[in-house]
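Naming follows writing order (A, B, C, D and E), and every chain is counted from residue 1.
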Amino acid sequence: MPDPTRSVTQKAGMPPGTLIHIGDVLEKTTRITVIDYNKDCVTEQPVQAIDELLKYKTTDTVTWIHIDGLADIEVVEQIGAIFGIHQLTLEDILHTQQRPKFEEYDDYLYIVLKHLEADDELRLFYEQISILVLDSIVITFKEKSDELFQAILDRIKNSKRRFRSLGADYLAYAIVDTIVDHYFFLMDALDVATTSLEDTLLTSEPTQASLQAIQGYKRELINIKRYVAPTREMITEILHTESGLIEDQTRIYFKDVSDHILHVTESIDSYREVLSSLLDIYISSMSNKMNEVMKVLTVFASIFIPLTFLSAIYGMNFEYMPELKWHWGYPALWGAFIVIAALLLTYFKKKKWF
Amino acid sequence: MPDPTRSVTQKAGMPPGTLIHIGDVLEKTTRITVIDYNKDCVTEQPVQAIDELLKYKTTDTVTWIHIDGLADIEVVEQIGAIFGIHQLTLEDILHTQQRPKFEEYDDYLYIVLKHLEADDELRLFYEQISILVLDSIVITFKEKSDELFQAILDRIKNSKRRFRSLGADYLAYAIVDTIVDHYFFLMDALDVATTSLEDTLLTSEPTQASLQAIQGYKRELINIKRYVAPTREMITEILHTESGLIEDQTRIYFKDVSDHILHVTESIDSYREVLSSLLDIYISSMSNKMNEVMKVLTVFASIFIPLTFLSAIYGMNFEYMPELKWHWGYPALWGAFIVIAALLLTYFKKKKWF
Amino acid sequence: MPDPTRSVTQKAGMPPGTLIHIGDVLEKTTRITVIDYNKDCVTEQPVQAIDELLKYKTTDTVTWIHIDGLADIEVVEQIGAIFGIHQLTLEDILHTQQRPKFEEYDDYLYIVLKHLEADDELRLFYEQISILVLDSIVITFKEKSDELFQAILDRIKNSKRRFRSLGADYLAYAIVDTIVDHYFFLMDALDVATTSLEDTLLTSEPTQASLQAIQGYKRELINIKRYVAPTREMITEILHTESGLIEDQTRIYFKDVSDHILHVTESIDSYREVLSSLLDIYISSMSNKMNEVMKVLTVFASIFIPLTFLSAIYGMNFEYMPELKWHWGYPALWGAFIVIAALLLTYFKKKKWF
Amino acid sequence: MPDPTRSVTQKAGMPPGTLIHIGDVLEKTTRITVIDYNKDCVTEQPVQAIDELLKYKTTDTVTWIHIDGLADIEVVEQIGAIFGIHQLTLEDILHTQQRPKFEEYDDYLYIVLKHLEADDELRLFYEQISILVLDSIVITFKEKSDELFQAILDRIKNSKRRFRSLGADYLAYAIVDTIVDHYFFLMDALDVATTSLEDTLLTSEPTQASLQAIQGYKRELINIKRYVAPTREMITEILHTESGLIEDQTRIYFKDVSDHILHVTESIDSYREVLSSLLDIYISSMSNKMNEVMKVLTVFASIFIPLTFLSAIYGMNFEYMPELKWHWGYPALWGAFIVIAALLLTYFKKKKWF
Amino acid sequence: MPDPTRSVTQKAGMPPGTLIHIGDVLEKTTRITVIDYNKDCVTEQPVQAIDELLKYKTTDTVTWIHIDGLADIEVVEQIGAIFGIHQLTLEDILHTQQRPKFEEYDDYLYIVLKHLEADDELRLFYEQISILVLDSIVITFKEKSDELFQAILDRIKNSKRRFRSLGADYLAYAIVDTIVDHYFFLMDALDVATTSLEDTLLTSEPTQASLQAIQGYKRELINIKRYVAPTREMITEILHTESGLIEDQTRIYFKDVSDHILHVTESIDSYREVLSSLLDIYISSMSNKMNEVMKVLTVFASIFIPLTFLSAIYGMNFEYMPELKWHWGYPALWGAFIVIAALLLTYFKKKKWF
């Protein structure tokens, strides 16, 4: 897990408004792509010089400027200059340990989100995605270059329905929706993991590895919650914003995202409860095992210790021990051994100790 | 338990507004029934072609269109087209892992609920029921075809009192009330189950099975809560809606449902507390048993180990061991055995170890 | 404990507005008493025919109609008809597993409360009391016939101060106050019970019975809370009602009840905390006892096992064992026994194991 | 600890407005003192007859009427009559198990507070102090006669600054502030107690006494919280009152008290957390000790039991046992003893069992 | 840890408005420095006589008066007199156990903050910093003289951008931001500490030292939370103040600080959860170890006790014991030993006890 607070301290004490990249560098190059569309046509092209972006400020098409990789600080700075982005926003874009949040400025909206992905062993990877929503322009900053937004691109290109006839706010919604929908994959992974862990704990012998797994999942949940909980607040703020940049007809779509994120939040809470009861089960199982071990010991010891005592008696060398001379002494003792053992076994059996 | 999140991911990344059925298919065919009534008459008939529904749009009778089974997506799509239902609503109807919710649109209200049923072993089955409330039309979508709404039908047909003189909103209330009332069956089942489990734990030996039962009920409660808690919010929203589709005189009935759901919510919380104290009792009982086992072991070992030691001494082969020659040596030793055992028994008795 | 949810399911699926009695029948007959008073006179008389009640509708005296026992459904129905009570209210009166609540209707206020009583073993008994407050009439429905309201009656009859000069709302307050004041008896019983349990746990050996007691009290508290918490909400609602049926000068008395119920709620929370720490103490004590048992075992076993080993050595039959021939061998071994035992005892003493 | 609920039940069922003293009588006599001051002069004098108080109603000096001891109910009644105090307020003054609260009446404000004191063993003593704030009169009722308010008196007498130029509301503030400031002494005592307990638990052997101490402090905290939490609400209400009896310039001083009480509340919460982790430490330490005991037993038993078995073999009396005849048999066996013991010791050492 | 409540009691009972220094004296001398700047120039100089400060009241430059060390009460008093600071504010400045808070007065704003620092062993040191924000003057009171604000000074001096063109409110923001940013260092230290502790607990043997560490960190977190939580409220209040002393353009910067403090608060909550699960792991590990010890004991005892019993039998001295005469008796017994031991080992192996 990348430590979410460590790098913040890189900046402690620095003047606000200093543009430096904070966080792990996930991509070494910075690539800009522009998707420009309206009802009638779509163009997608890479951008070499940032000045090329200027022309999109005045067109009435919807323009999506997508930046992959945050290594090149100048790109961010120049885009900020061209589109009139506040210094603090630019800082937040580069500082990749933000909490998810929504900020309204006069000319644009600023949305920060986390894209979360888990590998097969449920180790999480975080990536910050910043979205700037201007009048008919959406600018996205993504730390890693991958296929996450490919589906949106396809929908824009193949739009038979309304996508291309809707504004920049709908594009912003589509991006947020895509990121939030991926949280369900995490929930699935957690569901599989906790169910299988529960089976292990309830049926077979719990091991130190189970304990490590429980603790590992707990940590992951704590981290997921740290990013999902503020996302929920964020979307509520989007729903209640009075900014004209989000049209009323788009609001209903954000309401849908809000439902999804609520669903995720409730799942997280459920899994937390499940995990904490898994720990209880682990402890109970340990206790169970201990009981079992103790019972075996007690049955063995309680049966053989008295018998050994009896044997020891007749191993004594007293000159006067009449039993030793009896012809049936030895078989009688064996009889006693068997009777005593049988009685004790019956007793322990009755106590259900084996 | 059907996993509530798994299928959501089937859709992650898809364009919003794509109509596909998400969730397990509980019914392979889709059946439409129309119940049309006013004060004077009632008709109930199956619908073959969806166009037949058109005529009900203009009548001033109350019309209940009931759809059993969601397999046929086209039915949903066509109904949406006929009655002017928003694309997102249609999606939610088909996507059967919704949270219970209430949504107000200009022309209709959309209510999603879960019908929960438990079998004898308290395994839960979920079914989503969607209710659309239009001006004088109620449309319900149910995943499974069963007798759940039969009682409402009977009441409509036999209405001696006001049912048939009230509007579509009262019908919607009757449907919601029926679903919510069934939650009490779950609470009953839980009550029986936890009480019997508590008896087992407090009187007889707790087993791994008790632990599994506790954990199983906990999981069920977590799941029930996930569906009941949003139902409570939902009904509060219905109570506070300003939509003209819910008349004031019906609101008082929804207030009654609200009381029921509150009652259920509080029961859930109580059972959670009860279950968590059952786990405490389980652990305490384990500890109790362990103590008992240990005491038996300690009593046996502490009495016989010293006696065996004494016997072993007189089993030694030293040439010069005067006691061995004494005539009363052996009986005296037996005396010592008895005295020592009696003293130790008294000591343990005083400690209440047996 | 009467199960608060079981009987609710008797009604699931029935039409709302069906008058049937739900819950255990605590009283087989239904008795009606009317107390009619103003500043100048008081009359108290049993009512045989319900029509007799009609005349009180128009007098300007305060009339208290008290119904003992809910077995006779017709009585409730007729009273409802005479005084214009809503069908849902009548249902709630008969359905004796209501949550405490306050409802405002145009012409009357409806208050539901629980009267709780505990026997010596702290087993709870619940009884539902419904109060209807009309303009100058108070109607009370009580499940059991007992002396609970006798004190109020006495005060009305002996009123030297203002009781008789105040309206129906003050009478309603007096009834609510009487019921709430009885909750303090429960708190007292709990206080005595938990304090004595705590003493037992901290000083003497905890037993399975202590565990059962803790769990029993916990269950009771959960149940008490279920009825007291909504009572608190209810009284807050009475305080904030804008209904003219509660006069301003009476409101200050309800404020006083509100303080009492707050006091009770806080006591409940305190006792919950106390009980949960009692369980912790129980578990700690068990652990303590186990430690003690283990120490005894360890001390016995660790001292005698090595000594027995030594004895066993000199019980061997090797032909060449020079020590056996030594004249002082045996006494020397005894010396060794004593020294070893002393050393071990010192060691264990230092560890404070006995 | 005086039981805060027990005596409430003395009154259950009584008519509201009956003046009787409820609670332990802490002072047998009732003493009245009047302190009358303005900028220019101060007088302090005991009051014999209550009629003497009449004259202060019309002066424009600030008058502080202080009553020590509540045994004489008539004093309270007469004061109520003179200054127009509501019957319910008089009851609350005499009923010394009130929750701290603030009530606004038309002509006066009523403040109830608890003065808490702990003795050296952290046993708490409660005392109720009631404050009536009239236009230029403050009346205080205190259960015990002690030096608590001496400092305020001194400040009035020696006021070089503004005390004497400020109104009755400032005097009320000074009284409340004095009481709240004493809560810090409790926090100090708790701090010392928990820190020393923590040291004991982490360094030396935990005993049953530690458990009793933890439980005792827990109970005290629960009780303190019960009185401090409502005090906080109360002061918030004073801050927001619209009564003209509290002037704006005094409000800032109550804000200060509010900060103090918040500080106390947060301390209480901290100590609760600390205490609950102390219990965890206690249980962990017990577990630690148990482990240690078990290891000693296991090391002893596991080493000597196999050796004893070997010895027992060569103590057998078979006619044909060739080893017994070997000349080096006995020393060889000793060698085996030593090797086995050494191996086992190494094994246990490696496991860090001793 | 300096005890945050102890010294408060030094003042209990004193008149409000008495200026005395409460808390540990961290600096013996009191040093005043003035930094005066506008767009065009910066001056920094020590102040000898407090009268020198008078001239800054009328200039239109931004003036930062910084006081290091609170030992000299007169300095605080005189500054209060010059700038018209309320008596209660002056008290709070000197009373260094304040909760962080924000107070609005007519002419100035008062901000109290805690600067927290941890040494290598995560022991915390607290320092109170008071900030007075006047129209174009900021006055800061700091307990210790150190380099904390050096970075701000450097930025003022080297300001190429807007710092020097902004008002006193921006300076106040810069100071608050610097203090809050330092909280991230604490979070880093906690992250390193808890991660390393978790590794220790999950991989190697837990010791009493681990328990002490967990408890120590818990205490620290409780303390950090006590200072950080009110800081969050404080900044929210600054954001919502209507005072003209904070300009709108500065508010956006405080919003940024608010995000940071939220981030810190969430981290604290996460670490609390992590620590509480570390304790669970500790207890589970102890239980694990105990199980392991018990299994070793049980395996050893259960194998050798029956064998020893067998040997003891043939060590008996009965005259008639036919087996003793058999030629193959002894080897046959060895065979029995081996078979029994092998069976038991197989049994225990199957149970995975070793």
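Note that a contact is a pair of C-beta atoms (placed from the backbone, for glycine too) under 8 Å apart; a residue touches a chain by one contact, two chains touch by 3 or more.
Here the structure is a predicted model, which is why all the values come from computation and not from measurement.
Look at where the CA atoms of chain A average out and do the same for chain E: the two points lie 26 Å apart.
Averaging Cα coordinates per chain places chain C and chain E 42 Å apart. In chain E, 283, 287, 290, 294, 297, 301, 305, 308, 312, 315-317, 321 are the positions where the chain touches two or more neighbouring chains simultaneously.
Chain-to-chain contact here is organised cyclically: the chains close a single ring, every chain touching exactly two others. Following the touch contacts around the ring from chain D toward chain E yields the chain order D, E, A, B, C.
Those residues of chain E whose C-beta lies close enough to touch chain D in the complex are 3-6, 8-9, 11-17, 86, 88, 98-99, 101, 103, 205, 208, 211-212, 215, 218-219, 222-223, 226, 229-230, 279, 282-283, 286-287, 289-290, 293-294, 296-297, 300-301, 304-305, 307-308, 311-312, 314-317, 321, 323-330, 333.
The residues of chain E lying in touch with chain A in their complex are 151, 155, 161, 163, 174, 177-178, 181-182, 184-185, 187-188, 191, 198, 202, 252-253, 255-256, 259-260, 262-263, 266-267, 270, 273-274, 277, 280-281, 283-285, 287-288, 290-291, 294-295, 297-298, 301-302, 305-306, 308-309, 312-313, 315-321, 352-353.
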